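Think of it as A, B, C, D, E and F in the order they're written, each chain with its own count starting at 1.
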Amino acid sequence: MSAGIIDEFQKQREELNKLVMKYAGQGTKRFYSLDSQAYREGALPTKVKELLGLVASFVLRCDDCIKYHIIRCFEEGVSDQELEEALFIGHIVGGTITIPHQRRALQAWEELKKWNALLEF
Amino acid sequence: MSAGIIDEFQKQREELNKLVMKYAGQGTKRFYSLDSQAYREGALPTKVKELLGLVASFVLRCDDCIKYHIIRCFEEGVSDQELEEALFIGHIVGGTITIPHQRRALQAWEELKKWNALLEF
Amino acid sequence: MSAGIIDEFQKQREELNKLVMKYAGQGTKRFYSLDSQAYREGALPTKVKELLGLVASFVLRCDDCIKYHIIRCFEEGVSDQELEEALFIGHIVGGTITIPHQRRALQAWEELKKWNALLEF
Amino acid sequence: MSAGIIDEFQKQREELNKLVMKYAGQGTKRFYSLDSQAYREGALPTKVKELLGLVASFVLRCDDCIKYHIIRCFEEGVSDQELEEALFIGHIVGGTITIPHQRRALQAWEELKKWNALLEF
Amino acid sequence: MSAGIIDEFQKQREELNKLVMKYAGQGTKRFYSLDSQAYREGALPTKVKELLGLVASFVLRCDDCIKYHIIRCFEEGVSDQELEEALFIGHIVGGTITIPHQRRALQAWEELKKWNALLEF
Amino acid sequence: MSAGIIDEFQKQREELNKLVMKYAGQGTKRFYSLDSQAYREGALPTKVKELLGLVASFVLRCDDCIKYHIIRCFEEGVSDQELEEALFIGHIVGGTITIPHQRRALQAWEELKKWNALLEF
């Protein structure tokens, strides 16, 4: 099976994050650490936080950020219908300008589900 | 007690919505109806959906939209800490450019809590 | 009759433009001149160009820019229905985050029509 | 003749739209239907509406949306000069940050014209 | 002398920051601290960093953020011409949609200069 | 040595700029000329102006614009630490949504440094 869009995304992300850390001053490092802190279990469960991160990335229209949160939502057990309802809110708030990102978000989601089905087989 | 920011917002919103409906074609009316549909209980509870709407409005930095969802979150029983965690995600994703909106969001939230305390008294 | 939102907008705009010109270097002056050039009659009539400027300002959600183009559209003879159709496109493309700007755009439009009715009386 | 950027765009768009519809709830389907409704002949001709959609997509800087409206503008008989004037308004309103999108918009336009010239030959 | 726009801005900012800190979790507090750290003298002088913060706020079109950095630029000894050149870059990159913010930025700048002239008298 | 991302960017940019100029009316040409004027040595040195252009492009999240200013900053002798501090401001102001652009900005910077090391050898 050839590498899919998720695989390619994660490889590139990992490689470039090394580069970011090579240049990073203390401030940048702290900001990255705050970023992971934001999604940790709290009064709101991580699953809801990842949906919040997804919809924020969606209306701001950043494909890489959307892909990252799509993966995280999948890992947190978000269902197809929960995803659809969350993206619909992003779609309504952000307008048709988000449609190309919706397409690519679902493409990533579909790939995650196929991989998972293979693994569970 | 003088009218607060919530009261003023709701009065103006109601009045101007009448104007929107005066001019609205069929398409605009349908879009408004889709908008309310998006937040209805589904696979995701309305409370989560209102938090999604809040964070989407927050990173897109629209004060009126934020105020609207702050009121809805309050009505859905969102707690102080849940609100803080949701806004923190918006803040981290959207950056310090969201700070003035964070200030005004909490100003509205504080007012809602004060009114509520008076009513419960 | 007390000054309306259009009147107040135009007074403030005129006054602050003087300030901009006091500080403006040659580059800023040329940019302002390019700006008016963009809306001059060409292959596209000025009326269409003003609708383009309106919808661009609408999806970028700048109330002052919207107000300016609402006035210009009114002067160019845009009808109620033409305005509604143009704003509907902006609304669909830009999403519900544009709703507060739609409200204020129609508020300005309504005021322009009332003044005009008074003048024609 | 190898597939150009328009061809590739349309194939991918069609394929991914199927995926969107596979996941789409009633709300998403209605939003897609509202979207096509927005550009139908009305008080404003479809050609003007497509120019409005193009400029809205241009200032919001979405390449896929721009490509879609570039194709539609071409189909509606927009001339080179009309296109240039519309994009100039988008360029002035949205600033130099739109330049990369202007380049790619004209690349798509140029390809459409070449194909058309071949077909008319 | 009645309170000007700078005075009013600072009073409201101070008051609402107290509210933010009342609700702030550890993450929010750390983000506020990173924010001040970003503008500290380093390889780049604070004056240049404040100009960077100003132009970033300007193209993202946040009046409160612009006002804050206008004050900081004034404190750091930015000259009229340096300000004009920095805002011109923001204006060119961000387009005419920034014009209302340019007007209000210069209004704040002008007020700062007048107050300063009074104090130096 | 195979062509890197900088090389590919510059080739495509040059080619598409020819296309832009083929269609450009007088207004577009003047805007392009204003654009280069904005970064000329003035009260602010070109190096600072390029950093301003970089941070503006960074918070507006345009990869091509970022790449262009990364190259210009490199040519103007910006150091690693100056770059890191400028991008950190962009990162803090614009939020984690800028992270994918930060990755690609540093990837371009790293490539410029490698080429330069080869040339100086």
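Before moving on, here are some points about what is shown:
Everything below uses one rule, namely that a residue touches a chain if its C-beta (ideal position, glycine included) is under 8 Å from a C-beta of that chain, and two chains touch if they have at least 3 such contacts.
Quick caveat: nothing in here was measured; it's all calculated off a predicted structure.
Touching chain C and chain F together: A, B, D, E.
Chain centres here are Cα means. That of chain D falls 27 Å from that of chain F.
Chain F has its Cα centroid 38 Å from the Cα centroid of chain B.
With each centre defined as the average position of its C-alpha atoms, the distance from chain B to chain D rounds to 33 Å.
Contacts with at least two other chains are made by residues 27, 31, 34-35, 38, 56-57, 59-60, 65, 81, 84-85, 88, 91-94, 96-97 of chain A. Contacts between chains leave no pair untouched here, as each chain touches all the others.
The residues of chain F lying in touch with chain C in their complex are 27, 30-31, 34, 37-38. Within the complex formed with chain E, the residues of chain B that make contact are 61, 80-81, 83-85, 88, 91-92, 96-97, 99-100, 102-104, 106-107, 109-110. If you check the complex, the residues on chain A that touch chain C are 59, 91-98. Chain contact summary for the complex, chain F toward chain E: residues 34-35, 38-39, 42-44, 48-49, 51-53, 55-60, 65, 79, 81-82, 84-86, 88-90, 92-94. Contact residues of chain F toward chain D in the complex are 13, 16-17, 19-20, 23-25, 27-28, 31, 35, 56-57, 60, 62-65.
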